[in-house]
Structures are given as structure tokens and as C-alpha cells.
Amino acid sequence: MIHQEAVTVMSNKQIAEATFEVELKGACVEAMTTPGQFVHVQTGGGWEHVLRRPLSIANVEDDVVSIVYKVIGQGTEWLTNQKPGQMINVLAPLGNGFPYEAIHNKRILLIGGGVGVPPLYYLGKKLQERGNEITTVLGFQHKAAVFYEEKFQSLGNCYVATNDGSYGTKGFVTDITKELYPNMDHYFTCGPTPMLQAVTKQLPIPGHVSLEERMGCGVGACFACVCKTTDAHDPKGYRKICQDGPVFEANKVVLT
Amino acid sequence: MIHQEAVTVMSNKQIAEATFEVELKGACVEAMTTPGQFVHVQTGGGWEHVLRRPLSIANVEDDVVSIVYKVIGQGTEWLTNQKPGQMINVLAPLGNGFPYEAIHNKRILLIGGGVGVPPLYYLGKKLQERGNEITTVLGFQHKAAVFYEEKFQSLGNCYVATNDGSYGTKGFVTDITKELYPNMDHYFTCGPTPMLQAVTKQLPIPGHVSLEERMGCGVGACFACVCKTTDAHDPKGYRKICQDGPVFEANKVVLT
Amino acid sequence: MKLAVNLPGLAMKNPILPASGCFGFGKEYGAFYDLNKLGAITIKAATETARYGNPTPRVAETSSGMLNAIGLQNPGVDSIMEEELPYLANFETPIIANVAGSSEEEYAFVAEKLSQSPYVHALELNISCPNVKEGGIQFGTDPTLAASLTKQVKAVSSLPVYVKLSPNTANIVGMAKAVEEAGADGLSMINTLVGMRLDLMTGKPILSNKTGGLSGPAIKPVAIRMIHEVSQAVNIPIIGMGGVTNAEDVLEFLLAGASAVAVGTANFRNPFVCPEIIEALPGVLERYGYDSIESCIGRSWNHVSN
Amino acid sequence: MKLAVNLPGLAMKNPILPASGCFGFGKEYGAFYDLNKLGAITIKAATETARYGNPTPRVAETSSGMLNAIGLQNPGVDSIMEEELPYLANFETPIIANVAGSSEEEYAFVAEKLSQSPYVHALELNISCPNVKEGGIQFGTDPTLAASLTKQVKAVSSLPVYVKLSPNTANIVGMAKAVEEAGADGLSMINTLVGMRLDLMTGKPILSNKTGGLSGPAIKPVAIRMIHEVSQAVNIPIIGMGGVTNAEDVLEFLLAGASAVAVGTANFRNPFVCPEIIEALPGVLERYGYDSIESCIGRSWNHVSN
């Protein structure tokens, strides 16, 4: 059941370079039980912004959901100005989310890049509750952009790569995962498309990817957000990222 | 000298039906010495509202200007939501204002209708300081719309007419002014065009009218706000309300 | 307050309907509210066979508007009739099927098929889609082509045909008269204006199709102008659209000359926008002194002494 | 950062200029800042004799845009040359004079006169004003008329001629090529889209002229699309405009293919918008990796592997 609700800003603070964490409280948070789902956020007053902004669920505690967002354009800029006590209209929860329920006592590799990192934290929590062993690899551009490292450390080992080497390993997440994957059962990844391409190419173990695409409706009605399936015999040949995704089994969809 | 400044909301409260009074503090208020001038107010965040809203100066106390506005559409609706401490971008003071400086010890009739009432209050104060005797006639649709009656009473006699008779005299301002004008030297009027037409037609004494028109720039550059002059020999044949007005000698401009 | 309006093929309990392409085949918004509330439903464009559409990105935001270049993705007319229409048969709301194609033959094929569906009440000829290489907008900017296509479709279809006009023309009235003459039962207007946005990072267009169709409140003044002009020149009803977000906008479209009003882009910002408008409409009509939908239609130029 | 650009007749120290009709004859904004900061100035349209223009109301706001129907009010070309241009002669900023008329003869008369002014550096032929009954937009929607007019004006004028194109057409490239062929030295685009807004209280159009020209951020995607298409099809420079509010917008116009960028409506919301853009421009270019204006022009289609 998808809710539209004006939720209340509890806090909204910068946690890294151009990166903010906002906590939102509302009745619809109760339905946010599945990591990997997202919240479609109305930004701006009036109708200057006709589209909502898709942002992932980073964590849920009771009836408060945390979202980590990077300031990109007008909508996220507007978000930074919303103060505690103000209301924000959200459509949530949207999408399918990560299939974590049936995974128990496995060795799990979480691989996040940039603003793809947040949904993995809520996923990691849920997987840890199910007795899985969590290892995380995070990629950022440089030191100032790093966030959530300690949160992931509380779930298990956490490795960080930065493109310029200003923090952690210099290079890409795949420079780290290449050593780790032989001891893993399953991976979950979210981040920029080139990273997802590199990760899915590198890792022969089962995995799931979470995709991003520019969205219109966010609920499956407008066909803005499709991706192609890799299986030539798939009857539809495509999936809607907002409704059928954003999470897909690795190698089942074409990453472009 | 016209200023563009982000001024601070000191208070913003409803004073009559759909009518609010906002107090704004800023350095540019110092320049607002002439009643009848107006403030061009930026409304809305972003560029959804590309035009500013012209609103008259209703009063000035030290560095605080009061504006009384009626909620008409999107811009004034937005204004009602601006809380003390928030900033509003204004372009001010604009227009010529009422020529009050040289008027001393005269019997003055102020005639205001609806949201044409506010600028007359600041004018009345300035004229009173110059030893003039002030009589005010205010017209409103009905009782709930009446505002500023006591303020004008503090300047002299104040009569109120309402269209439906729910307060004061039933009828129009001209039902009252027809009795008063023989004892007056000069009038100043501001209000809806039909009222201005009736007033200027009725009163044979010298007077000034303040006009309204939809505006673009507010500073004389776009020619949105012209009115025709009555003098066929006037070389230009028109005046810009934002720059040459909004105040004109009665019967010098065509009221449409 | 009587909200009902009657248009060819469409007995609508109110004048509000979602616009084609912004409402899928109804299921998604049917999860938010009872689709019986709507005056009618326009479904997504159908073509002869399945189309994948354009590569992504397919949408970009602009000031008070958006660009889309979906490219008529749809599962093909057969699949729509088998897989999608039965769901809509659960509602009493009349259905308008949007018809697209790359050639006269394809339009005629799709129209004929859809005419045979017991669930479809009217056709909307999409001669104004700016996002496909062939067909679409080229029919919508040439009155001769548009008239010929309308005739062809009318010849094979037993349902009323609404022709959906493109605003990307210097002479909208000429286009409207041409398709009226060719037998159109009604008009839908406007489709999107052709626009583009560049990604400052890459320097290239954001949409992979480069150009896209501009919709949303930004285009409302263009829609109102065109409907005001066309409604005075033709004798067939107009389904108006372009930037509607609330009941006041609906009244503006009715006054301009539309007989029913479609809501597209606004569904994306507010999934409940259609039922909210329907609920607000009687109050808004009353506030401005109207006692029925009919009494508003065309008032901007009709029965008004100027 | 080198901001200078050179266009026919215009040695501009930066690519920013106010758009015609939104800046009067310079005096009003000259009270806010030093007009020497501007790359050039486009003055209000001139006609043969004084015109009063349309009755008021002449402007109405729309979502992220506005409608205007000023109707070419101006004191006539002689009075402009005597009363208005001398003020602008106090600045070193080049002046573009906007030329309008109801007939070929009137355009030619005005152009010839203005060519003789020592203070004017280029002419802008306004064949796209939607707000006058005769002339204006009819020249702007017919390539044959537009080409003939351009030729006439070129024949009598010693200054470079920029033709200002109307977006109210299905074929902007055809129009651009026609006037290029006829001898235009440059193009200005876009003028306003024709729109309308109704007053719900009266049921009638807000503007007394009924229709008006839509400008502001709402039309930016249409402008970008047209400039992107036209700049690939012609070999004369384009002064781009339509909804510019900040330096990022300017970069988008340059990338689309404009060589200079005019700011119209935005002056009304922010009288300092032009100098603020000029100040912000180097930083914005740098942020996106450009080191001159030239390096941006047409990058959306030029030197970019697709």
C-alpha cells in the first residue's frame, strides 16, 4: 500500500560534503519495512517543480525514517532549507526493495558508491538481524564525501575506497571486492552505473543491484524509468525501475 | 533612489476579512518618506512568480514599514505564510507619491475604498503634522472587511460606508462625500476604478487620485502600466503609473 | 451542482479525465482511489505491435513543466486489449483509447481493432506525438495529412474519433477545421510543445532522444489560447488539457471553450489530483457564479458582451 | 576568464544583453547600475510614428512565465533618436535597435533612419511581435515574407541586421534559413509564444488584447530546442533568449548554439539580474570546465562524440 503523506522533519543536517541526512516522522514510516524501497519527495512550493525526487530509505527507527541526500540541483537544494517542524509531502514506500527476508546465516557483501550507500545501511541492519555476516565496501570520490563508515562498522567489517586516495584505499570498490568475494555468498550493490557495471562483471557470486533512473510518476504509470532485460525470451523485454525495481537480480537487466 | 533589499518580517497578522497587515524592517524604509509610494514585493520561492506585487506603504514608524494587503491570488496567499524573522525581497520605494509637502492648514478629505485605504493613512499622518484638518471617508463591501477605522479617527473625523449597510452608512463613499465636500479644500483618493470615477466626477474641488494597474517592471521600463492623459495637447499622451504615478492630479488622466 | 457532461461516445459524470500517457492503463492509480470517480479515462497510446520506445533518460524537469520522450512504449494493440482493458472493465467509467502509428495503415489497423473492444468508448488519434521518428507529429503539423488520416480512421472505426492536436504549429485553427471537415467527432488539445534541456555536466541534451514534449503548468497559457481560438471556429467538442493542476484551472479551460478537461503531468506530483479536482469543482464553480458545467463552456467568447 | 564575444557590429565585453522591450531605453536600469557592465543593450521596438499600444491590462502572470501585450508602444523613430539614444551614448556599450512596423515600407523606413544614428551598432528586425494586428508576427510565420522583408531592410541599412524569430511555427529551421539566405547577419531567438489567461471573475481574457506573448522560464525548453536546431543549420550567429534567469541558463544557451544571450522578463523580478549574471558567469564556466565563451558555443552538437 502506497501512502501520500505530509511527514514532519525531525532533523536535517549536513553529514559530508554536499551531503545531508534528514529524519522524517509520519504514519507511513510503519510501512517502510523493506530496505531498497524509496520515498518520492515533493520539493518546492507551488508547481515550479512538477516532478518528485526519488530518495532511498537509509534507515528506520520506530516511526522515523532517515534519508541521506546529495545536493545536486533545485530540489535537493530546497530540501536543505527544510527545518525541523516543517512538513514534506512524500509518496512512499515505492519499489520492490531488496529480497532479504529469506537470507539467513550467509556471508554478505554490501557494495555502495556515493549516494548509493544509504539504502545498504538499512539492508545491512535487517540482514544482521537474520544472523548474516556483513562486510561492506564503500566508494567515494574523496575524503570529504565519506559518510556512514562507522554505521557500517557497527554491522561488521567496512572498507572504504576513494578515487583520489585521500581516504582508505585509492581506487575503486572493485579494487577491494576482488580480494573479498571468494569468501562471500551473496552481494548487494547500489551506486553509479559504471560502478554497477564493474561490480556485476567482476563478481561471479549471486547478487542484486539497485538502479537509478530519472522518474516521472514513480508508481509505474508513465514508462519514464524502464530498463531492458538481458533475457531475449523475456515476454516484455523491459522492467520499470520504479515499480518492478529499483532492485533487480544482477545480470537480469541491462545497465546503461 | 530605488533600493532592492531583503527586509525582515516583524509581524504579519490578519486585521479584517482576507486582509493582513505585515510589518517589514530594513534600511530602505528610511527612504519611504512619501505616502502614496509603493513597494514591489517578490513573492514565491524560485521563479514560479516572475512578477513582483505592487503594495502601498500604509505607514512608517522608524525603520519599520506597514503594508496592508488583501489576499487575492497566489502572491498574496504566499505572503500570509511569511513568519516573523523571515526575509522578503522588496524593490522600494517606487512611484511619485502624494504631493503633501506644500499643503498646510487646509481642510483635507481622504477617500479610500477597500485596499485603496492603506496609503491614505500614512498620508493623513503627514498632512496632520502640517496642520491640516483631516476628514476621512472609507468604503468597504461589508462589515467584516472594515479595517483602520480607529487609526483614521485618531487623525480626525472618519466616516465608513458599506455596500450592504452592515456597518456605517449603507451605500458608497460618494453618498457621504456629497455632504462633506463643500467644507473641504482638497481631496486625495485611492480605491477601485469605479469609485475613483464616481469621486472625481462628484467633487469639484482640487484633488489627487492614486491608480492601480497590472505591472511588469514597476520602474518604468516595460510600458505595462500606462494610462492616457485627458489633455489632447499633452505631447506624450500617456503616463506610466509605476513611474509617473501612481498619484495623479484628478481629471488629468483617463480612468479606465 | 450538475457536473455531468455528454460528449460523443462519452457519458461523463464529471468533466475530469486523466490524459493519455500519464495514467498507464489505470491500474497504478486505481490502487490510490476508485476509478469510478473519474469522468473518463484516457489510456496510453497503442500501436500495431509492441514498442520499447526511446532509450532512457526519458524525462527531465523544467520550470513549471517537464519534458518527456517516452516514444510510445506500449505492448501493442492486441496485448492492450487482452491484458489491460479487462481491468478497466471493472469500472463504469468510459474509456478513450489513444491511437498512434508510423503510417496511415498502422493508425487504421489499430483504430479498427480498438473499435471492436466492448470496453472502449471513443478513440483519440494521436497525431501530435513529438517523440517518434516517423508518424506522430508530422501528421499533426500538416492539415492535409491530418485530414486524410482522420478520414481513413473514421472509415474503419465505429467509435467516435477525437483528434489530438499538436501546439507546434502557426495555425491551430486551420488544423482543427481540416480534421473537423474530415469527420472528427471531437478534438483533444493540446499535446506537448517540443523542447529540450541540456545537461551542463556533459553539455549534451538530458533526454537520450534529445528533444522531448513539454507539458505541465508552463504550457497552460498556450493551451488556453488555442482552445479559445479553436472552440470559436469548430462545431465539435474539445477535450482540453495542458498544465491543469486544480479546479480553478479546469474552470479556465471550460471558459476557454473545452467541454471536458484532462489532467496529465499533475498526476505525477499528486496521485490524487483528479479526485481532488472533482471534489473541489462544485465549490469553485459556485464561487464564480456558475451552476453547471455547460454554463461555463466557452463563456470567454460566448454570450459575453465585450 | 575571457568573456568577450564578437558578433557582427557588436564588440561585446561579455555575452549578456537585455532583451528588447524589457529594458526601455536604458534609463530606468541605468539608475540601478552602470550600463557599461553590459555586453550590449537592445532597446525597445521603434516604429515610424509614435504608437500608444494596446489598452491595459497589458501583462498577466502565468506559472514561471508572463504574458505581455504592450503592442509596440513607442514614441516613434525620430523621437527615439533625438530623446532616447543620446542618453545611451554616455556608455561604451553597443546598442541594438529593435525595428518594427505594419508593412515592408515601414520596416525599411525605420531601419534606414536608425542606420544613420551614430549610436546604433546593429538592427534587430522584430518580425515576431504577437501583439499587433498588422505586421509583426505575420512576417514571422511565413518564410517568403520574412525573406523579402529582410532583403528590403538590408538594402537600405548599412548596419548588421539580426532577424528576431517567432517560436510560433512548426518549422523554425526553414524560417532561419530563409532569412539567412536573404542576407541576415544574425538571428535573435526566441520571441514569445502566443498565450492567454482568463480572469475567472469576469470569464474574459485578462489582457485587453486577449492574447499576449508568453515569456519567462516557462519557455526556456522551447528556446533551447530551437537554438539547438537552428544553430546547426545556419552559419550566422544567434543571440539566444527565452527564460534566462541565471548564469547556468546562459551556459545552457551557449551550449545550445547561441553566441550571446539576452535577458528579458527576469529584469522585472530582479533589476540587477544582468550584472549579477555577468559576475557569476566566469565561476559557472569554470565549474563546468570551460575556459572561454567560444569554447561553449554549440557544444551540445559540435565537437562532441555522440
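For reference, chains read A, B, C and D in written order, and residue numbers begin at 1 within each chain.
Everything below uses one rule, namely that a contact is a pair of C-beta atoms (placed from the backbone, for glycine too) under 8 Å apart; a residue touches a chain by one contact, two chains touch by 3 or more.
Because the structure is a prediction, the values reported are computed rather than measured.
**Q** Out of curiosity, which chains are bumping into both chain C and chain D?
**A** Touches both chain C and chain D: A, B.
**Q** Tally the contacting C-beta pairs at the B-C interface and at the B-D interface, and name the larger one.
**A** B-D
**Q** Centre to centre, using CA atoms, which chain is the farthest one from chain C?
**A** Result for max centroid distance from chain C is chain B.
**Q** In whole angstrom, what separates the CA-based centres of chain A and chain B?
**A** Centres of chain A and chain B (C-alpha means) sit 55 Å apart.
**Q** Centroid from C-alpha atoms only, then distance chain A to chain D, rounded to Å. What do you get?
**A** A distance of 45 Å separates the two centres.
**Q** Between chain B and chain D, what is the gap in Å from one C-alpha centre to the other?
**A** A distance of 35 Å separates the two centres.
**Q** Counting only residues that touch at least 2 other chains, which ones in chain C make the list?
**A** Expected reply: 63-65, 216-217.
**Q** Among the residues of chain B, which ones contact at least 2 other chains?
**A** 46-48 - these are the residues of chain B that touch more than one other chain.
**Q** Considering only which chains touch which, label the overall pattern as line, ring, star, complete or other.
**A** complete
**Q** Could you please specify the touching residues of chain D with respect to chain A in the complex?
**A** For this pair, the touching residues of chain D are 63-64.
**Q** Under the touch definition given earlier, write down the residues of chain B that touch chain A in their complex.
**A** Residues 44-48, 74, 78 of chain B touch chain A in their complex.
**Q** Which of the residues in chain A come into contact with chain C in the complex?
**A** Chain A reaches chain C through residues 1-2, 4, 42, 47-52, 91, 213-228, 236-238, 243, 256.
**Q** Of all residues in chain D, which touch chain B in the complex?
**A** For chain D paired with chain B, touching residues are 21-24, 27-29, 31-32, 44, 50, 52-53, 55-61, 63-66, 68, 70, 73, 75, 206, 216-217, 245, 265-272.
**Q** Spell out the part of chain C that touches chain D in their complex, as residue ranges.
**A** It comes out as residues 62-65, 67, 141, 168-171, 193-198, 200-201, 203-205, 210-211, 214, 216-222, 224-225, 228, 243, 248, 251-252, 255-256, 288, 296, 299-300, 304, 306.
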